[in-house]
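Here the structure is laid out as structure tokens; the discussion comes afterwards.
Chain lettering (A, B, C and D) follows the sequence in which the chains are written, and residue indices restart at 1 in each chain.
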Amino acid sequence: MWFTSDNAGPAAPEIMEAMMSANEIYSQSYGADPIMDRVRDKIRDIFEAPHAAVYLVATGTAANSLALASMVQPWQTIYCHRHAHIQEDECGAPEFYSGGAKLTLLDGADAKIDLASFEQSVAETGQVGVHNVQKGALSITTATENGAVYSVAEIEALCAVAKANNIPVHLDGARFANALVNLGCTPAEMTWKAGVEVVSFGGTKNGCIGVEAVVLFNPDRAWEFELRRKRGGHLISKHRYLSAQMDAYLTDDLWLNLAIKSNAAAAKLSAGILQLPGATLLHPTDANIVFAGWKRSGHQAVQNAGAHYYFWPFDQTLNGDPDEILTARMVCNWATTEADIDSFLGLISK
Amino acid sequence: MWFTSDNAGPAAPEIMEAMMSANEIYSQSYGADPIMDRVRDKIRDIFEAPHAAVYLVATGTAANSLALASMVQPWQTIYCHRHAHIQEDECGAPEFYSGGAKLTLLDGADAKIDLASFEQSVAETGQVGVHNVQKGALSITTATENGAVYSVAEIEALCAVAKANNIPVHLDGARFANALVNLGCTPAEMTWKAGVEVVSFGGTKNGCIGVEAVVLFNPDRAWEFELRRKRGGHLISKHRYLSAQMDAYLTDDLWLNLAIKSNAAAAKLSAGILQLPGATLLHPTDANIVFAGWKRSGHQAVQNAGAHYYFWPFDQTLNGDPDEILTARMVCNWATTEADIDSFLGLISK
Amino acid sequence: MWFTSDNAGPAAPEIMEAMMSANEIYSQSYGADPIMDRVRDKIRDIFEAPHAAVYLVATGTAANSLALASMVQPWQTIYCHRHAHIQEDECGAPEFYSGGAKLTLLDGADAKIDLASFEQSVAETGQVGVHNVQKGALSITTATENGAVYSVAEIEALCAVAKANNIPVHLDGARFANALVNLGCTPAEMTWKAGVEVVSFGGTKNGCIGVEAVVLFNPDRAWEFELRRKRGGHLISKHRYLSAQMDAYLTDDLWLNLAIKSNAAAAKLSAGILQLPGATLLHPTDANIVFAGWKRSGHQAVQNAGAHYYFWPFDQTLNGDPDEILTARMVCNWATTEADIDSFLGLISK
Amino acid sequence: MWFTSDNAGPAAPEIMEAMMSANEIYSQSYGADPIMDRVRDKIRDIFEAPHAAVYLVATGTAANSLALASMVQPWQTIYCHRHAHIQEDECGAPEFYSGGAKLTLLDGADAKIDLASFEQSVAETGQVGVHNVQKGALSITTATENGAVYSVAEIEALCAVAKANNIPVHLDGARFANALVNLGCTPAEMTWKAGVEVVSFGGTKNGCIGVEAVVLFNPDRAWEFELRRKRGGHLISKHRYLSAQMDAYLTDDLWLNLAIKSNAAAAKLSAGILQLPGATLLHPTDANIVFAGWKRSGHQAVQNAGAHYYFWPFDQTLNGDPDEILTARMVCNWATTEADIDSFLGLISK
């Protein structure tokens, strides 16, 4: 019963098999492998974007930071939610890669950026000319850090304001597949058709070992991106092992099927908790993360049985009034089983 | 017959098996996996350095740049050979990670730093106080880009000058094992006992998928290193797959046995070429790289048969006088077979 | 009637005379001039800090950025008020000089940092270890951008929280003299005795041509500061002209007397406006800046007569209901005369 | 008898008078002063470049670094002479402002870049694509650090190679006037007509207090330059005092007349020394710097009489064989008198 993160679980068998197959060939290194040619084609096909530039890196922080660095100047600001991963969980990587750009923090429920908050911040940016940091890029995340998913209309509305202000839009899709299967739209509708220019397309959290694609719908800065990736130490020499993961991930809808599983597990967990007396939900369970509260006695029972997850906020403790509601964050992954959920729910409802 | 690089070949079977085993567990992410605890112990044991800080990253450029960034200030210089990987093949990654430190280029045969060249450069650094870039770190590479290996005495001599000037020493050991088996000394003798403070300990080129260890013999800046690694996007979430590679690599002398194989292949290749009329050796074949020249007719024969390697320098061509000597760089890896070498030699000697 | 900024006015005659005198000598450059020796002694004397390191630069942005860069690491955050000059008016200079540190924005009335806001932000910093930007420095400004002055007790309270968290404290004293004469305390009481470690001690806004001192009460990082200053292009070759300004500024209490004049002018202006029907004060007039509102008809009258100042916020316009209250920011300088104020008040009260 | 540097001497009286006049006005700050409008027009007129963007800063290091940062990307290299000021005397400022660009060092007599050295370095840059630092900018200096002046033909030849490789050219003109009066050509001929795109146009060393212009013949990146200047803390608030210096400097050929004086003083000094037995000249005296050698006894005599200059190289000493030739660097400035030279020559020839 591991719910600490979707990166605590195993990689899917298809991914591991692809690694073994990739090991049987000699290959050019640094991305010139033939598997990468297939990956590029598949991503262009999935996104209906035949001219997109496609690159692979091993971490989400690298994907986000390199993407944003290619979109902003050092004297510009990146608009993002105040609970965005790039603000809270990357130790300043966007600042490092961009050469010191600022992050302007926006508000909104469930870690989704409120349109009015974005509009106001944009209006306030650069009012005194050269004295001010200038307008840079907008970065949105879906599914969000709170497990919520933007509707296509919400993405379109943010992108419209961005476009009117010449602000390019980045989408942090560490949980891209989880968001997509929730919406039931096409990848193109969730991205470039809505106005997104660059996507961090995650594989790691959804059943890969460690691979993220960066998709640049406008390939004008592709060469710059390649140089930034190399300079950042993120051009993998034996690149075929990244390619192989992404290739398998995109074959026979594996990426979608894995996300369907983890979303379903989270939905079941969320629904089950809500049956308990006094239970609460902090955020909607749109994807594979559950933010919920139940009695301390339930926490005691399940943690004593070896369940792993985080209190949310962190500073709650197991000792105290057994009837007090404690809140937690639980992340399901593709390998989370129905039996895991049933067992968990059984323990907390005693 | 792939001799373009040691990263063109497959990973060793033991490495692949370790990846499969690592996939069977749930685990804390970001380096808190139990396999990493074993790796840390093994490296400390191998280096006879019980207090060393040990970290894993996925690329050699990351290992070198993060190591050097933790050793110098932005207003200092890094002394290195003018053909060092950090100067020629990392697209300025050391400058990026260090916040703009300078690289001072030294001379020496076979890409080994000449002691007098280092002494002179150090003497010339910082003569006009605050106006000058200041003394930073020394970075040496063994085996070098030219396939040569420093003797322990040569490392000691460079480190002595460095120490006398308060200059910490980094060793780029992308081919650490290849150098070590050439010398027949202990890892400690080749590093901290000689005066080296930080080592990039390579696994990727020697049979892993993609893993390098950074070993800080002085752990004072370990926390800084961890922050730099995270900020650079090089803290891998599913870290257990890095740990598993390094764990297998260090088990039952696998790392040494793989290097013995690739060094032996290179020695055989080098010796075979030298039998040919007019053949030349550009650099000694101390490790797994051969820099050699033979007749154009031999190059034509072997390349027509599908051999992959690079002319060195690049601007030589297959067309021309068949008796002219063309020079090439060939890298052997652990999987290079005796049959590969025999076949290659047979073709070029026709 | 120029009230756009205290940098719109002339330098004091004593400053100009010192420039002429400095021109009569040959001198070593780059700060090795004998006038600088006097300046250093005077600042140490004024601050009762015999071991302080003292450096001069030409701009407040340089003073603040270099000071902060020497106090934080790139992966740390600088706590400041959300309306601090370093956040709003330096085009990201602190991010640039620090190598990409973050600014964490705090709240509080009159651009003074609220203690609780600081405490909460500190408590939230670095909760998830290496994933988070770490605690860096606190930067306070007095007089603030809103013309308010911290009491010594308020500074002490902020510094106490900072000290308990190993956070060094920087004071942006672009209007140091204006704050000091408001409080009537000693420079030491307003700074190191309260817990401040580094001060940007402004001269430019208070009657100099362009000179700011950076005072490091702890000289441990003095050499680093010198290297950062040079590397930033802020080590002035003909430094004697900076020294001369600061020397005259600190002679015979000139710096205090100039601040007394500008504060008095602002007080008179503020009091006069408040006599008008419907007039408002947005912030207390502790120093030399007045934030006040009066009827549009008064703005029309005074602006038609050639007065220069800014509406605050900017987006108000002269056209409209003559009785509507429009708010403005007006900065007095040492050369603002009683006649200027009387004339201004006369015009707006018609 | 001060010959340590041209920045050891006084500012010209016309410059000081302009400062006094500038002090009589109220003015917009940050470069919006009316004097700057005159300066811009004068520089455009002098350079026959009606569309050039013109900015002022207080130091040569700022001028060079900001200029170069606007011409290169962080992953590119700046070609310069190995004894260029940007390499040897700016503590890494170009690396800092550019975000970590590399400096590729070229050879050539008298600190003038040899054409073949430049051609070879360009040919060697970027041969392995993304792995290498890329071609950036060329920076030439005239008069050079060795007091030599490029002919127009030499500048044209370097610029032609640069242009053929899409490499923009920067001219470090800290001693622009000294070079120009030596050549007797027009400013346009020495710069944009020859292929130079950006000029650091020095005032400080040639009789100003502290002001340098940056002239961008192609104004496309003017706004970027302004943002970089502000972000670097080099936008002076009371900018009128920079403007006033440059305005006076460019009035009635003051800048040319001052350079004529200092060049003439150096020529007289150089010629006088060469009369002595055993005297040597290390570099041609094209501008206002003399590199010459004469007997130790002469050095003893003149230094005992209070002359200030540097041995070149530094490590020579006054004690020793009186007949040994010691070499020195002596810089004349506009205020160096014939009597100074006569006195100096008299002392060393005893």
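In this section, a contact is a pair of C-beta atoms (placed from the backbone, for glycine too) under 8 Å apart; a residue touches a chain by one contact, two chains touch by 3 or more.
Note that the structure is a prediction, hence the values are computed from the model and not measured.
Shared contact partners of subunit B and subunit C are A, D. Both copies, subunit A and subunit B, contribute mostly matching positions to the interface they share, with over half of the numbers common to the two. Ranking all chains by how far their C-alpha centres lie from the centre of subunit D, first place goes to A.
For the pair subunit A and subunit C, the distance between mean C-alpha positions equals 42 Å. Look at where the CA atoms of subunit A average out and do the same for subunit B: the two points lie 34 Å apart. Rounded to a whole number, the gap between the C-alpha centres of subunit A and subunit D is 52 angstrom.
Across the assembly, subunit D contributes residues 74-75, 90-92, 96, 99, 130-131, 227, 230-231, 235 that each touch 2 or more other chains.
The touching residues of subunit D, when paired with subunit A in their complex, are 30, 73-75, 99, 130-131, 134, 224, 226-231, 235.
The residues of subunit C lying in touch with subunit D in their complex are 2, 4-5, 7-11, 16, 19-20, 23-29, 57-62, 65-66, 90-93, 96-97, 204-205, 209-210, 227, 230-238, 241, 308. Subunit A meets subunit C in the complex at residues 74-75, 88-92, 95-96, 98-103, 105, 127-128, 130-133, 314.
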